[in-house]
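Structures incoming, each one as structure tokens.
Here come two complexes built around subunit A, the first alongside subunit B, the second alongside subunit C.
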Partner chain A sequence: MEQILANGLYLGAQYALIALGLTLIFSLMNVLNFAHGQMYVFGGFVTYTIVAQWGMPFIVGLIASAVMLAVMGALIEVFLFRPVIRKSKRDESTMLLAAGIAFFLDAVILLLFGEKQRGVPKIVNGVFNWDMRLIMPYDRILIGVLAIAIIAGFIALMQYSKTGRAMRALAQDRVAAQLMGVDVDRYSMIGFALGAMLAGLVGGLLVTITGVNLGMGGPTSVKAFMMIMIGGAGVISGAIAGGFILGMMESIGLTVLAVYGDITYLAIFASLMVFLAFRPQGLMGKPWG
Partner chain B sequence: MLRRTLLKTTALAAVASFAMLGTAFAENPVLKIGFVGVTSGPAAAWGTSNQRSMETRAAWINETGGYDIAGTKYDVQIISFDDQKDPKRAIAGMEQMAQEGIHYVVGPNVDDGAAAVRPVAEQNAIMYFPYAFPKELYTAPASNAVLGMVANYQSGPAIYKYLMDNNGVKKVAFVAANESDPLSQRDSGSAAAKALGLEVVSDSVTYQVDTTDFTPVLLPVIQAAPDLLVLSGVSPANAPQLIRSARELGFAGLISTETAQDAAVLQEGAGELANGFISVGGASTPELASDMMKEFVDRYTKMFGEYNDESNTKVYALEYILATIAANPAALDNVDEFKATMDTFEAPNPYMVGDAKLKYVGMTSFGQKRQVSVPLVVNTFKDGKFETLFVAQVD
Partner chain C sequence: MNKQFLGLGAFLLAVFVLVPVLIAASGRWDLYYTLTSVALLAIGSAGVWLTFYIGRINIGQGAYALMGGYVSAVLMTQVGVSFWLTLPAAGLFCAMISVLIGLPILRLRGVYFAMITLVLTEVTRLSALALSVTNGAKGITSIPLPGALKIFGITIIPDFATMANPKLAFYLLAVTLMVLSYAALWRIVNSRLGHLCRSLQQNEELAASIGVNTAYLRVLAYAISSFFGGLSGAVFVAISQSIYPSSFAVTDSVNFMLYCFVGGLGFVAGPMLGTFLLYFGWDLLSVASEYQLLIYSSAMIALMLVLPNGVLSLFDKKGGQK
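And then the complex of A and B:
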């Protein structure tokens, strides 16, 4: 049981961090960013290049991933999403644009980093073993703690900083925020950059554990969408809850249902369908959007 | 007068240069060979090594004047299609090959893709060289598919037997991704292990290919305390993570797979935890490699920056196609001629030292010669490199 809980918490922390960026962008701009998974992969490859190829410290790679993805996010918002949102009132325009960016990033990643699985050396060696009841490598513990710290930092930023308040106002009511003097364009750009930065950060963190490859983008996006569907799209606390719930469900399912074959995700998807039939807005989302 | 001469000279020079240009462009006829396989996603390394091997060899042939078929030198052009490991796209790829008039295709890389393209290949007279193991592709009445490597039901028993005899393995566990290839490889591996008298302590645990934490996946398997953990059909992307998780969970036994892996990927993803990992290698070792194989590796590395060990096997398919056509030039656009030649075909193997031959095998497994003969090289990983554990031959 201890092992199941620890696995669930570790998975939940990384999932929540992935979902946070996606839900932030959705809440600010009503954009379903299908390229979120590709941004995560890009972040992983940047860290890989800096740490494994250039031999620099892991923290440098992590910061570089965060900065590069933040810049990429800002540029994507300013030059792609902003003009499209201005010219088209249809939601599918931004969805198509996001899907196009996902394909584009896949091609760029293939060109820049190749098709192979990549990974960086373990940042901490050793395994925590509590009498065979709980086994957890130290690097996973460190990554889990870092993920939780980043989530806490993000919540603090959103809660107590001027930028965070402005973004929350924007998420609640775009027009009202504009009337109150919030620079909508500026904070949309900052929000998108922040969302992309979170994707890059988690990609950089997880490259030490799972490695990274070109094909991880799509499945990562799907899981991130599942989390925000569970928690409620556009709600920060919902994304965190969704991440931890999915992580815990996966951990329990993989242990309890292992003897029946790979039915964990079948059970999760079936549960999700039933859940959404009763609560389509997710746990913390509002029925009116 | 001077002006007229100048005009005439200019016109003549222009005609002459166009004529020379025409001569320059009237190069060798082109022989198109197709590739349909996966070059993106988690299994991209499998198809990319195919495509790059073919492109390297084609560039080499073209650079040295073309491939001689019945006294005519042909430039080889590789037409590639990424099926993204999706059977629907594999069919589209094979249809594209048919539209291009191509009769010889390398790929697909996985079972469902290879099975899906069979009707298209047969209807359009295409011989294809899959890296997939379903026996029905290679047994009569099927006759257009030629297995491009050693199948897991050929390599698996050889590995288990070796480990039983040399390492005292008695209990084995299988873990597979929840996809058609790994699952079928797990089933045939488990059956082969039981036939050899091994105790199979776990063969029901599977995982999603996009799993980011294998600890919960492997926990029940490790608790079954096998001597040997077989990662059935594991992709190069998942292998390092699985090895790492198994070792971190305290598993001290042997770990093996029947798929080819990449040393650099294992080193980066699992480091020294991957030491001792057993896999089927590319069909070459330093002892087996001829000068031509060494040059191929060199050219590949120059062309793409980094070599892939799998290409030791993947280099063969194109060579077999070209050598078989050279043996019977009527096979250029007639695959029935190609099939007829396969039964008796034999040519020197340019990638191996000694008197090794290129020849089609498969009578034992398929009842007809529908497999290329490549050495079965079983490797063990040590400190970033593969070392040869043993070499065997398959018929």
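And then the complex of A and C:
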């Protein structure tokens, strides 16, 4: 039991980080970022290149991933999303753009890093063992703690800094925020960069444990969509809750349902449908946010 | 009006006569497979377009294509039903499932609906892997070619296995189905149902307040959409003679949606044109080998920057800014 809970917490912390970036971009721009999974994979590959190929310390790789993805996110927002949002008749047009960017990033990853599964050597050795009731490698604990620290840092940024306040205002009501003197263009860019940076950070964290490969992008996006549906799209607390709930459900499902074969995700989806029938906006979302 | 009929006639002539003649003349028999795929995918995107028409973003068409494919495959291999009967059966099965799934999820809107349909695609794939009737990851293979279609003893379509050129036959079958689907779609859009759908697209609460049965309408539109999805999946299975859980995955669902976007959401012919441009373009780009995806996605992004309302918006004279 302790083992299941610990696994769930560890998975949940990472999932929550992925969902946070996605939900931030969604709340600010009303864009469903299909490329989020690809950004995550890209971040993983950047860390891999710096740590495993150039032999630099892990923290350098992690920071490089974050910076690289933040720059990429800012450029994507300024040069792609902004003109399309201005010109298109329907909001959904941005989905085509996002999907195009997802394909583009897939192509870039394929050309730059190849299609092999990549990983970096363990950053900490040893296994934490509590009476055989709870066994967890130290590097997983470290990654889990780092993920939670990043989530805490992100919440603090959103709550207490001027940038965070501006972004929260923007998420609540774009026009009102603009009238109050918030530089909408600037904070949209910062928000997108921040969301992409979170995806890069998770990629950098996870490459040390599960590694990355080209095919991970799509499924990761699907999982992230599920999380923000559970929690409610566009709400930060919802993304965190959704991430931890999905992590827990996966951890419990993989243990309890293992005898019936590979049906964990089937069960999760079925319960999600029932849940959404009663609460379409998720746990904490605004109706039709 | 006359101009429209002329255009329609030219289109029918092109797909039924010109294309086979040109292919026979140039000897590019491989193009048949590409064009058949375009026609079938266009049927699927017609369905997606209809859900766009009621204001829902549908990224779950791959799920219904996969379901339809499996229904057709299972009926043919395990029950021994003729292919021609499995075709409507696959469509109706998908329509029924979509009513069951649609009742709860069609209450969702915007990205919520988009996301749950995307998840549905993934779940259908997982179900196909887990169930026993679908034979898991091994899939169903060596499905027989469509047999002869006879009505009152008169052979209307001969057995595909005895044909000298089944590629041409499949092409004609797919194109005929496509033309029929788009005729149905055009009819729906220009009927009372189409007007009601447009009212849903613009404002669901307002439509409901003046007495439009929104819950019934959106489930109906979704069911028709899924029928198209199942149909295209079933024919795909007949052509490839095999189906696997990965035959239609998340990428395919996303592609169905992209085809609609590229063609233009305001035009009945939009999804057809979009499918043709993207699928055919992708096929032509295969000469670029490893840069194929890079060029394709760059072209898509560029297209979006230049024509965010779809290719057909070029001809939209009334079109103004948002």
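Here, the second predicted complex is superposed on the first by the 287 of 289 C-alpha atoms of A that agree within 3 Å, B and C clash if a C-alpha of one lies under 4 Å from a C-alpha of the other, contacts with A are read in each partner's own complex, and residues count from 1 in each chain.
FYI, a residue touches a chain if its C-beta (ideal position, glycine included) is under 8 Å from a C-beta of that chain, and two chains touch if they have at least 3 such contacts.
Predicted model, so just to flag it, every value in this text is computed and none were measured.
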Which of subunit B and subunit C A:Ala35 touches, first, second, both or neither: neither
Subunit B versus subunit C as contact partner of A:Leu110, first or second or both or neither: both
First (subunit B), second (subunit C), both or neither touched by A:Arg90: second
Touched partner set for A:Pro219, first subunit B, second subunit C, both or neither: both
Which of subunit B and subunit C A:Leu272 touches, first, second, both or neither: second
Partner chain in contact with A:Gly211 - subunit B first, subunit C second, else both or neither: first
Subunit B versus subunit C as contact partner of A:Ala169, first or second or both or neither: neither
Partner chain in contact with A:Ile4 - subunit B first, subunit C second, else both or neither: first
Partner chain in contact with A:Met158 - subunit B first, subunit C second, else both or neither: neither
Footprint overlap on subunit A, where subunit B in one structure and subunit C in the other make contact: 106, 110, 219, 261-262, 265
Complex contacts: residues of subunit A adjacent to subunit B: 3-4, 7, 10-11, 14, 52, 106, 110, 114-122, 127, 129, 132, 135-137, 140, 206, 209-211, 213-216, 219-220, 223, 250-251, 254-255, 258-262, 265
Subunit A-touching residues of subunit B, taken from the complex the two chains share: 39-45, 48, 178, 204-210, 212-213, 215-217, 219-220, 236-237, 240-241, 248-250, 262, 264-265, 268-271, 306, 308
Residues of subunit A touching subunit C in the complex: 26, 32, 34, 80, 83-84, 87-90, 92-93, 95-97, 99-101, 103-104, 106-108, 110-111, 218-219, 222, 225-226, 228-229, 233, 261-263, 265-266, 269, 272-274, 276-277, 280-282, 288
Subunit C - residues contacting subunit A, complex: 52, 57, 101, 104-105, 107-112, 114-116, 118-120, 122-123, 126-127, 129-130, 250-251, 254, 257-258, 261-262, 265, 290-291, 293-294, 296-298, 300-301, 304-305, 308-309, 319, 321-322
